[in-house]
Every structure is written in structure tokens, then in C-alpha cells.
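One structure is given here, and the rest of the page talks about it.
Labels run A, B and C following the written order; every chain starts at residue 1.
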Amino acid sequence: MSEDVGLPISHRQRLWLYCLGGLVLLFLIAPSIIIVIMSFSDSTLLQFPPQQWSLRWYQTYFGSLEWRDATIVSVKVAIMTVLVATPLGTAAAYAINRGTLRFNGTINALLTASLIVPVILIGIGTFFLYARIGLNNTLTGLVIAHTVQALPLVVLTVLSGLRSYDMNQERVARSLGAGRVAAFWQVTMPQIRFSIVSGALFAFITSFDEVVVSLFISGGETTTLTRRMFNALRDQIDPTIAAISTCLIVLSVVLLSVAQIFGRRH
Amino acid sequence: MGAQTAVMQENAGRAGPDLNTQALRTDARRESLRLLALLSPSLLLVFAIIIVPIGWLFWLSLFDEAGGFSAANYARFFEQASYIKTFVTTFKVAFIVTGACVLLGYPLAYMLSQLPRRAASICLIFVILPFWTSVLVRTYAWLVILQRKGLINSWLIDLGVISQPLSLANNLSGVVIGMTHILLPFLVLPLYASMKTIDTDCLRAGMNLGAGPVATFRQIFFPLSLPGLASGVVIVFVLCLGFFVTPALMGGGKVNMWAMRMEQTTSLYSNWGAGAALGVVLLVVTLALLGLFQWLLGARATGVWSSR
Amino acid sequence: MSIAPSALPIGMRGIEKRFGSVPVLRDLNLDVEAGEFLTLLGPSGSGKTTLLMILAGFVRANAGSIRVGGDEIITTPPHKRNIGMVFQNYALFPHMNVFHNIAFPLKQRGVAAAETAERVEKALDLVKLQGLGERRVDQLSGGQRQRVALARAIVFEPRIVLMDEPLSALDKGLREHMQIELRALHRRLGMTTVYVTHDQREAITMSDRIAVMNGGRIEQLDKPESLYARPQTQFVASFIGESNFIPVECRNGSVWYEDRRIHTAAATPAAGQYLMVLRPEKLRLLATAEPTSGVNVLNATLSDIIYQGDSFVCYAVLRDGRQLTLRDYCRSDVLAKMPAPGQPVSFGLDAQDTILVAAD
């Protein structure tokens, strides 16, 4: 009997369910695992399991100026997106949480718009707008576009932190003589910092993994890693991409673990 | 009575009812402005990057290539066979992928909801990790697995099941498999969250009243899980309609979906009016589906987006 | 630490508060004397907490004036009001230890480290938490948290201390103990205190004066004993203590219940309809139905007697169907004369205990 549920159904009776669920989990995780393993293959042919092991695809990746530049662009853009989206999203979440503004519903809808509007439309629209104001193929343009995509995640994460935070604490701090800013920094901020950090991590992944909008607005010296990967995949299946993909998977695992550890400590 | 009337007289003598009204109103306005100041950078960005360009594109879509005011960009969708084919393909893929996600996702979410907490959270990692892995990485993985000389084909040939490689990638099946993999977590996570809220006592009561496990599931658990399933289905379906990366890379030029059509029209042919019209219709369909869902199920839909 | 000299009076005038179109406080006026312990008592929704929040500056009134020792503070931001506040859930800062919680207001005021340490130590002494400065907040019991919250609210010697049901989260025994301790602390420090509760017993135990609130207004503002002995409205009479009411009429300078004249010690009010307040413990069983001078006699039919060990409660029904309740101690002389249920009884009420209130 399952201790959590305690229904009079034995695990044996459920075996078919566990098999089915396990297969679906395998379907979800297997592609990532296969890519990680193949990235260490010695062969240009995509054999699995690989006959010979080597780091040659990683050497190609790190040795290629093009891939390296694209990676640097992506890292730069992601870091700047975090630096912009986190404070903006936190400030917005704080204001929404107060709930005293008249158009709170509209404001919420606007801030989460980038989750609802099809990305392809955002991509075309941003390209169209940037073409008029000269922001295509610039870091600034990429950071602004990615910030808009990362904002809802930061807002929602920080908002959930604020919802479980007792606003009376900030009130009491005010009554004890702390101004608005002091009360936020000394009392509220230390208690929602885990949510803010999680929001920042989500913003980083969102920016780093963003493909569609970057396809339209990045290029030349500001080609992002994802854009270069997309173009490479259109031509042929280059095993170098397996090495890059492995790096991206590791990045996701690390960032998610950090978010998880922060979340648990919270 | 006596004392009370005395109190009332005292009050009347002292102050009118609208003391400091103006100062307090100014103070309230200042407070609202402060909150608005906190919101304004975010709102401004969203406005500039999402609302303005879409509004602009919508305006453009109302003019034909000669610059005249017309509905030509929209009429084309009904007249040109290629557009109709694109819509048919898009909806076909969306239905198949959504169906596949339900078939795979429901048992998985059900299993997760029945597992003890620790086991469930370990299994959840396998759902969340792909969720946060780049769409490109996962599409690439499926290309490697499904292509002519890919894993599946070489294994099947080695095992002697087939002699000629199956064409799994660069066609509809590749697109469907890749998209199902990418969108499955969008169905599982809200569904699992809603299944967790189903009261076990309801199920115990059902069994206590003589319903067998199957009847309990069918008559109690399944109906209670439907709102979560519905929100997952809507999200997956809506994301399918505007999906770009996987069909562009795995369709092999044979599967032309809505988003790809938009990209070609604008980038390749620079026909902004036509591309914009496609985008406007896509947005309207998306919002209509979400609105319909919200109307049917109340405010749950917005909560589901935040489950990510 | 002595706060008494700086205690200040509060004068509230014409406070109006609406949430949307729902009025919460209506033209409210209240004076709190310097050094007074005043309680806002009322059921939930009476506006008492809203009034406290307006005093603290967390809720903005729609109109009104609050003067503290002559200064208008209605638009002053909370951190400049110099008012200590204790919340129902204490709102201690979980990321700081006890010392830093209590030192927080001193830090905001730029008090030097040495003086801070000294004053925190004194505040801890005052609330009997000596030596617990290094404890984390989550290592404290409910009562200890309450004391830390209190120490934090008084350590900066505020002009006024506000408390929002600070004892409601404690269990009964501890709550009664803390009531006495809070009262003693107030006597010692003498700060002007506004206390909010819905518990009439707590209000009576602790307060110098009580403002009974109902529907956004102050129904009566009085000393606890007067509030009980001389309620002025039906609401106050029923909210503080137990009461039954019977309708009476004033005409030609005397008071009538049906065809019987009612004796009152106070002056007869203006002509009209009133309610007579019958407290169970003020009524007594009479041996005879004959009218006696200075005692109002009510004839009824006994419906039930409930023994509660040291006392008993009689339920009786008047001729017009109204219920009466009488409570008395179980003395053998009283018990000997006790009629059986169904028999007629006569209840007596002394003229001095006869209170009339306007019907709501």
C-alpha cells in the first residue's frame, strides 16, 4: 500500500501504470542522455553506443572562433537580461502585490503577455520595430527583447514569494522607524531573496535558450549561440552540436539545482 | 441616551465630516504614483516590444501591396490553396500532438500523483529537466535519433526487423514526435498539480460505498481531474499553433506550419502585410481559445501559466 | 527606562473610512488621554482594527484629523509617527535574532552600538527575557515571541503604543497571565496605549477606558465598571455581560412595563419606548409576588433549572413569551424555596440595578 494515498489498491495491481509511466519518463529523458553520450563519440557517424570515445567535438566547439563568439554573445546577453529583468520584475511584483492600484488585472495581463502572445509574432514584430530604430543585430536590442520574455517569469516567481511573505513585517518595520526603502531592504528583501534568485536563474535560462526572437533580431557580430545552432542544424547534423547541447544540458541542470537548493532552504 | 447625545453634541461642535480630505486625497494619489513608478519600466518595455509592433503590424495588414486600404491580406487565406493547406497542416499537427500528449501525459501525471512524495519528486525531475532544456537541443536529439541513419533505423536494421530505413525525420511523424516531446511537460505539470489537490477522502469514500478501483477512478478521480487536463490541453494546443523551431528543423520542407509561413512571408518575401495578417489571425485564435477556456473554467487558466 | 513624561494624548476627529463604497468608519471622534490604556472593543467588522491601522498610518482615512500632542499626523508616513506597534501575529523578523529584532528601531534612529546594547538589555529585562538576546526567533515559544514583539515596540520609547489583539494567539492560561503582566508594564511605563480586542473580559481586565465599537461608530466610551453598570445602548448591554431585554414605555414621567410601574434610581428619561436590561446575576428569586417598595417584580413561569455546582441558572418565561434568565449561588435557603419547572415564579430587580436603554 502506498503510504501517502492509502487506498486499498496494491502496488502490484498498479504495475501496468508504473510501467506505462516509466516508459513516458524514459521518452522524456532519453534524448538528453543519448546526446550527452554521443557527444563523447570519436566518429562523425552518429552511432549509438559510440565505438570510440574522444573529446574531439568539444575541441571543435571550443576551438572554433565562430562558436566561441556566439557563446560569448549569448552569455553576455543572458547576464545583462538578468541584471535588467530581475530588478524590474521584482519592482513590478512588489507593486502588484500591494494590490491597491485600480487596473491590477490589466497590468497583470500586460506583464504576462509575452507568455501568451505566440513567440513567432513577437519575433517578427520586434524585428519590424528594430529595423526602424536601428536595434537589429545589437546587444541592446537582444537584451531588451529577452528582458520582455523573462519578465513574466521573474514577476510570477517573486510574486509567489511575496504572497507567502507576511506584509505585516514590513508594516511593523515602518512603524519602528524604517522608511519605505529601508523597510524593503532590511526586512522584506532578505525574506524573499530566494524567490528573487530563482527568478533571476529563470531569466538567465530563458535568455540563453531563446531561439525564435533571436533568429530575427540577431546576426553578424551579435549572432547568439542558439541562432548559430539553428542555422547549423538547417544545413547538416554536425556532431559539434552534440557537444554544445551537452554544455547547455549541464547548464540547465546546474541552474535548476541551484534554484532547487535555494527553494528548499526557503 | 443622555451621555450619548452629549457626545454627539460635542462632536458636532468640533469638526466637520470632511476634515483633511484634500490632503488625504493628495497623499493617496502620491502613493498610487509611487506604485506606478515601480511598474512603469516593465510596462513600458512590454508596451514597446509587444503592443506597439503588433499594433503596427495589424495596421500594415490592412493595406495591400499597392498601398491601398483593403482586406486582400485576409481574403488570401480563403482563396489561395497554399494558405488553406498551411492551416490544415497546422491544425492537424496540433490535434495529433495534443492527443499524443494526453495519451502519454495522463498516465504519467496519474502515476506521479499516486506515488509517495519522495518518489514523485524524483520522477518530477525527469519532467522538469527537459522542460528547462533548450528546444533546439531537444529537436537536435530527435533528429539524431530519427534520421535515416539514426539510432532507431540502425537498431531496427541490426535487429533485422526492417531492411530499408524508415523515414521518421524530415516529415510529419518527425515533427509530431519532436513536438510531443517538447510540449508534454506543459500538459503533465498542470495536470499533476490539479490531481494533487483531489481529496483522497473522496476516493476512500467512493471505495467505501462499494465502488471498485476502476469505478472509483472513472466516476470520481477522472471527472475531478478534468479541469487540470483541460488547461493542459489548451496550453499544448495553443503552443502547437504557433510552434516554429521543431517543424522548421524536422519537417524537411514537407510540413509547412503557420509560424513557418509567417517567417517565410516576412523574411523571404518581405511581404509584411501578408505576414502580419497571418500573425493577427494567429493571435486572435490563440486569445479566443484561451478566452473560451477561461470562460468555461473560471480563473484557473491564468494560474496554469504560472505553474512554469 | 521611563516613558511616562513623554506620553502624549491622541485626539481623533471626524475619521471617515470607506473601502470602495462600503463605509467602515463614520465620522468617528475619540480622545485618548496621555498615559491612558484605552481599548477598542467590538465584534469583527466593527472597524476597530481599521481605526488602529489608521492611527499607525498603514491605512489611509478618507477624511479626518489625528492630533498627537497637538501635531497633526493624519498624512505623516508610519515611520515618522513614532508609534510602537504590536501585531496579532507578532511580525517578528525571522532572519534576525532576538537582539537584532529589538535593536531594529534603535538602528533606524542611528543610536550608537553601546547605547543600543544597553537599551535592548533593559527592554529584555522589562519583558523578563534576560539573556535570550542570541536566540533565533523560531526557537521561542508563543509567549516569548509576544514579549519580544512588545520589547521591540517600546524600546525606542515611542509616544504611543498600539496593540492589535496581541494575546489572541496564546492559550487561555498564558493569555490571562500576560494580561496582568501587560497591565503592570503599562502602569510602570505609563505610555499612551491603544489596544484592540474582541474579548470583553480581556478589555475589562486591562483597560482604563473602553470604547465599544459597532458598525464603524463608537457606541459608548467609558470606564469598564460604568460600561457594565450603565450601558447606554442595547448593543453595549448585550455585548458586555449577559442580558435579557423587555420593552418598557415612558409616559407622564414614569416608566411602565405593561400595566406595572417600574421603579428606577436614575431620572426618568423622555417619553418613548425603551428596553429594560435584565442581567441574570442582578435578578433574585422572591418568595412572594407582592410588590415591594424599591424592587421591581416580574412574574413568570419557571421553565428550567440548571445546576452548575457553585451556582444555578433559572430560565423562566414571562406572560408575553419573553425569556428571563436568573443566576444565583447555591445557598440552601435559596434552594429550599425553589419552585419546580412549570410553576409560577417571581423575580425581583432592585431599583438601583434597573437600567433602561434605547432600542437599537
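The definition used in the following text is that a residue touches a chain if its C-beta (ideal position, glycine included) is under 8 Å from a C-beta of that chain, and two chains touch if they have at least 3 such contacts.
What you see is a predicted model; the values in this text were computed from it and never measured.
In terms of which chains touch, the assembly is arranged so that all chains touch all other chains.
Across B-C and A-B, it is A-B that has more C-beta pairs touching. Centre-to-centre separation between chain B and chain C, using Cα means, comes to 54 Å. Between the Cα centres of chain A and chain B there is a gap of 16 Å.
Looking at chain B, one finds that residues 31 touch two or more other chains.
Along chain A, no residue makes contact with two or more other chains.
Residues 1-4, 7, 10-11, 14-21, 23-24, 27-28, 31 of chain B are the ones that touch chain C when the two sit in their complex.
By the touch criterion stated above, chain A contacts chain B in their complex at residues 2-9, 13-14, 17-18, 20-21, 24-25, 27-29, 31-32, 34-35, 38, 45-48, 88-89, 91-92, 94-96, 98, 100-102, 107-108, 110-129, 144-145, 147-148, 151, 153, 155-156, 160, 205, 208-209, 211-212, 215-216, 226, 229-230, 233-234, 237, 241-242, 245, 248-249, 252-253, 255-256. Looking at the complex, you find that chain C touches chain B at residues 13-14, 16, 27, 29, 60-65, 72, 74-75, 218, 220-221, 232-233, 269, 356-358.
Of all residues in chain A, only 166, 168-169, 171-180, 182-183, 186-187, 190-191 touch chain C in the complex they form. Within the complex formed with chain A, the chain B residues making contact are 31-32, 35-36, 38-39, 41-43, 45-54, 56-57, 104-105, 107-108, 110-112, 114-117, 123, 126-130, 132-145, 147, 149-151, 154, 181, 184-185, 200, 203-204, 207, 213, 241-242, 244-245, 248-249, 259, 262-263, 266-267, 272, 275-276, 279, 282-283, 286-287, 290, 302, 305-306, 308.
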